[in-house]
Amino acid sequence: MTKRKIINDPVYDGFLSIDDPVILAVIEHPFFQRQRRIKQLGLTFLVYPGAMHTRFSHMLGALNLMGRALEVLRQKGVEISDEECRGAKLAILLHDIGHGPFSHTSERVLVDVEHERITLLMMQRINEEMNGALDTAIAIFSNTYPKHFLHQLVSSQLDMDRLDYLSRDSFFTGVSEGIVGTDRIISMLNVHGDELVVDEKGIYSVEKFIISRRLMYWQVYMHKTVIAADQLLLGSIRRARELDPSVFRLDPSSADFIDRFAELDDDDIMVAVKRWQHSDDEVLSTLCRNLVNRHLPAIRISNEPFPEQAKSYFTGTGKLKNRSYDFNDQEIKVLYKDGRCVSISEASDQLDRHFLEKQVTKYFLYQPK
Amino acid sequence: MTKRKIINDPVYDGFLSIDDPVILAVIEHPFFQRQRRIKQLGLTFLVYPGAMHTRFSHMLGALNLMGRALEVLRQKGVEISDEECRGAKLAILLHDIGHGPFSHTSERVLVDVEHERITLLMMQRINEEMNGALDTAIAIFSNTYPKHFLHQLVSSQLDMDRLDYLSRDSFFTGVSEGIVGTDRIISMLNVHGDELVVDEKGIYSVEKFIISRRLMYWQVYMHKTVIAADQLLLGSIRRARELDPSVFRLDPSSADFIDRFAELDDDDIMVAVKRWQHSDDEVLSTLCRNLVNRHLPAIRISNEPFPEQAKSYFTGTGKLKNRSYDFNDQEIKVLYKDGRCVSISEASDQLDRHFLEKQVTKYFLYQPK
Amino acid sequence: MTKRKIINDPVYDGFLSIDDPVILAVIEHPFFQRQRRIKQLGLTFLVYPGAMHTRFSHMLGALNLMGRALEVLRQKGVEISDEECRGAKLAILLHDIGHGPFSHTSERVLVDVEHERITLLMMQRINEEMNGALDTAIAIFSNTYPKHFLHQLVSSQLDMDRLDYLSRDSFFTGVSEGIVGTDRIISMLNVHGDELVVDEKGIYSVEKFIISRRLMYWQVYMHKTVIAADQLLLGSIRRARELDPSVFRLDPSSADFIDRFAELDDDDIMVAVKRWQHSDDEVLSTLCRNLVNRHLPAIRISNEPFPEQAKSYFTGTGKLKNRSYDFNDQEIKVLYKDGRCVSISEASDQLDRHFLEKQVTKYFLYQPK
Amino acid sequence: MTKRKIINDPVYDGFLSIDDPVILAVIEHPFFQRQRRIKQLGLTFLVYPGAMHTRFSHMLGALNLMGRALEVLRQKGVEISDEECRGAKLAILLHDIGHGPFSHTSERVLVDVEHERITLLMMQRINEEMNGALDTAIAIFSNTYPKHFLHQLVSSQLDMDRLDYLSRDSFFTGVSEGIVGTDRIISMLNVHGDELVVDEKGIYSVEKFIISRRLMYWQVYMHKTVIAADQLLLGSIRRARELDPSVFRLDPSSADFIDRFAELDDDDIMVAVKRWQHSDDEVLSTLCRNLVNRHLPAIRISNEPFPEQAKSYFTGTGKLKNRSYDFNDQEIKVLYKDGRCVSISEASDQLDRHFLEKQVTKYFLYQPK
């Protein structure tokens, strides 16, 4: 009898049903289970208390959407073999596995390796343990697989990663701006040549999706209070290392790097920060007490750069950038009934190039309240 | 200008707006902020990955409902002074503050003091620091305040605690069985004599509420896989203490008990469990590895007790009980338009005494898979 | 290229995608399109203003659920041919097609033929026009098809009809009591022998479903204000016929009965009622003005019969009955992992025979306000 | 004892509670009850089967939002008397009361009077009957009341009308693009000088609102299949009048114009169309059969005008226009913490003047399939 696992997911009002033994085995792998202890949005819960959701749930959600997308494409006559289906599912399931604790915050500080690089190392390790069961997945993930559109389902302007995280982050923060018609967008996916495209009828949904991303960017992903909290966490880790350079120090060139990295999660950081509250170093103990008790620095946002400041652990400046849609990246393409295939910036009446290209840069200054 | 804080809460499709400086000060207290690091449902996230929500969010949610309930009662002519409003709000806000890490699981193991006792100690401490601002709240919480119905809003068969946690746990697990018409129930609240009652039109909603609690009990609160995980956590802590009696040991009689207790949260337990994976003691390291990687024991549930087993760290038996409605506790009363006030078991066509009294006991046996 | 129709349905947060040409043809048939003009819940919109939804949308919703159920069963290894799939879909799509205007209200008054009988006549007519394309559907609907479980999907304690209408009526009325985990129940369906059953894990969801039906019964389907409005409508039609026996009179024995019946819908009744407001007969004009302007009679509900009244067009008594679960009807069966198959009344800890058998009868008396 | 009415509204997950006797009396007025029989979106249900919702429910929904908005403004210290509250509520409650059957479709054909004019006539009539109880409401509606911001709550770029219909139409069609954070926007309303403004924190929500309106415009309000159906309905009425000029003919100068107008609703039109199916005139009978059975003309949309056609009852061309935001109309203003008050086109990083000013014109051609 087939083993089948059903996982509830409040985001899609339902659940995910999995019976592929390879996918089940990957989910049970310690590298994957570890993502239960890494929050998807880092310190955002200090502003949106519901935002405690984990990368684990995001990765399962993206798997769910991938399953639906593959089904839609097959129904429209796109040829995708069973092995390719599994590969695409595994690729999306593992696409974020290399994230460390408080990922976007700490990435630059804790380890000098990009999370994409670590993701690939972890995938390769699991692949070895599973005798090559991830070969196709790794090829799709790395964009070396011949059918390019499979990679686009994993990573492009309209991939299952983005579709899931927008809905998920919106659900858990309670910020309705991120609600996108996921089902509708997926039902409009198609393949033209070897490109992932959107059927004509899906134009409005794609417009909504692009705009939602932009709105979520400012309301959630770049929320100024979260930026302020991030500075506290970064400052705490930097100061702790100044006092003791071995703190959370991993050597990317060592043989057990991946294993040691896989042991770190959000909990370790928070427990360390709590402990550092009692440090003899007043800078460190103050920073950590402020973070634990949510005494965040004051932060101001401006369209103009702030004048240079004497930088300290408590005061500093920085820059935020957003462009809703990246032209260097591949453009979303729309497929018309008459066979024409044009970019969304041409197809859309709402979103012209002017809007899409617009890049917003803001500057911030944080300092003690 | 009044300081006002707006907190998003996805459960009620909206947010909570607070401008009472006393309530804002209590929320900023470290004892309260600590609840951000204690999950409402302990290890339940191992079964329902969305269930990462914290006691912090539950306590704010209950505050939100309390505000609405007080408004409804006042509109119906019930006299409640501003000080009593604040008191009832503070009482519900703090009603769970004494919970420790993985509360229901670890309470019996970590500290030999009931969480209600610790809640009171913490409320008293905050009250001292705030020069008696919590006097009314403590009286309401302890049921020594003259207007009894205020205590019932905090703790009774139909209190704001239960109303919030059913909706919240349902929202984050994705188990729709717990959805209750919170707004409707609250709009039906009334006071008769000094008793909190429900207007006649609210009978069906109350029935739904009682049944939902029962269904949630078996689908979430007593889910067998969560019980299995709980046994692993309890076994890990017990074994660690056997090896080192000082582990997480607090002395309730010491002067700094509350402060030391307040430093413990879910993160500390999980980091310890992760560390214990590397213990020389094979029992401890196995238990902890199993928990971290979610290799849970097999568990069987039965209506009959299991035969006695040689109890070990890996095998054991236990008992689960539920009664949807407790007759020893105060009964929910229904107020008819003609002035009669009868208990729900009489008023309801659906839920007679037979159903309400029914107590279900189940037995479980866990052992290695 | 295949013709494909996508229909939005707010109830399931999504839409229905249809590409079977036979199903598309049936949907386009005038008998089916007519259901756009018949409200699912008759006069209920006078109490719940959102309840304007039509039988048309219910029948498409039931089709949607049938599609999912068949897919689930096939995935579990139940053999269902493509022709059987189509047959089951057509049977559920058409199961209510014989309903007349304000169905449950007017059925007893307008035409002396049960709607089930008319449904069959209409199915046969469409079948003739489509050269037997509905043969299998009619066999499944009439329970003469060998695979009994297909009929059970269309008509049983747990059919797609009930699953859809509970969710749909709940959605449009805003009464949350009817929300059932449709997706979850469907995912738990299975076939044992030739019986539709529910997998063990679905027990709680089925309990919820049975209880929700009971609560919706009293909160919506038997809402006393709707009963009061129904009496007005029935009185108006009866009085109009007394004055002119040909009013809306159809002869079931005439050759064009079905065609004439198919021309009647809610709009005709309402326009007649509006016209009758200006009748010279004061009884008729009063009844109709009261209905149009929603001046409804006072209505009282009691557990005891009311004393006999001098019955008039404005005053009268009646009886309401409900039993959440019908033992004469086939019982819902639960399939355990060990192969046992027992009835829900045995399997459930919540719903014992006592609860399920309980039949509630209430009596009503209406009279001018 | 106060009479209180509670009305369920699925859109806001709750209900509306009304106890003002004047408002209750207005709701019970036949002119208002009549809106139960006029669909909010005319023939849109032919594309989105859920869109059966009525103007009645929209007007109550707008009343609900008005109540919340007034409460928010009062909490922020804006002075609004009880009489002004009632006036603003009555003004929004009645703002659409003059709509006729299939309003936007038939307005130009059935009666040569704008619905705003009829709304005012009806309000004046009710006011007479209620001895001037609507004086303030009429002043606010007509923008002659000194506090200008009250009129803006009823009619402006950000009025309660638009807020409600976007959410409502989105809910019933199932098109998620229209979901706007209504609660959040309302909580951000403020008054500066005598102008309705939005607090700084509400910028993103307002952006979302403007964009949602634009997306709903093309996905729902100007859906090409609905346009095609509208042409059929317009053609049917025009042809019927050509054959019999008295059809649905009202004389705006006659004394009983308003009363006769108030007797017309969607049902009358549909019943006439059904009757006309049997007309001897083949043009009329064909148009009507096509509409009843949903055999809609083919319709093409283009960015360029179509060449002139020989216009007939079955073929024709037309023009569609949309601008998400109207500069001639009053601009939405944003109030900053520092007291500055600037227009949204300046305040927004997303929506610059270029985007907001963009007016999209499309052309359509319909002809038999």
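By written order: A, B, C and D. Residues from 1 in each chain.
Note that a residue touches a chain if its C-beta (ideal position, glycine included) is under 8 Å from a C-beta of that chain, and two chains touch if they have at least 3 such contacts.
Since the model is a prediction, treat every value here as computed from it, not as a measurement.
Centroid distances built from C-alpha atoms place A farthest away from subunit C. Looking at B-D and A-D side by side, the one with more C-beta contacts is A-D.
Between the CA-based centres of subunit A and subunit D the separation comes to 41 Å, rounded to the whole angstrom. The distance from the centre of subunit C to the centre of subunit D, with each centre set as the mean of the Cα atoms, comes to 32 Å. Separating the centre of subunit B from that of subunit D, both taken as means of CA atoms, is a distance of 46 Å. Shared interface positions of subunit B, i.e. residues touching 2 or more other chains, are given as 13-15, 175-176, 184.
Every residue of subunit B that touches subunit A in the complex is listed here, in rising order: 7-11, 13-15, 28, 30, 33, 36-37, 39, 45-50, 52-54, 56-57, 60, 171-176, 263, 266-268, 270-271, 274, 292-294.
Contact residues of subunit A toward subunit D in the complex are 175-177, 179-181, 184, 204-205, 207-208, 211, 214-215, 218-219, 349-350, 352, 354-355, 358, 360. Against subunit A, the residues of subunit C that register as touching in their complex are 6, 13-15, 17, 183-184, 187, 201.
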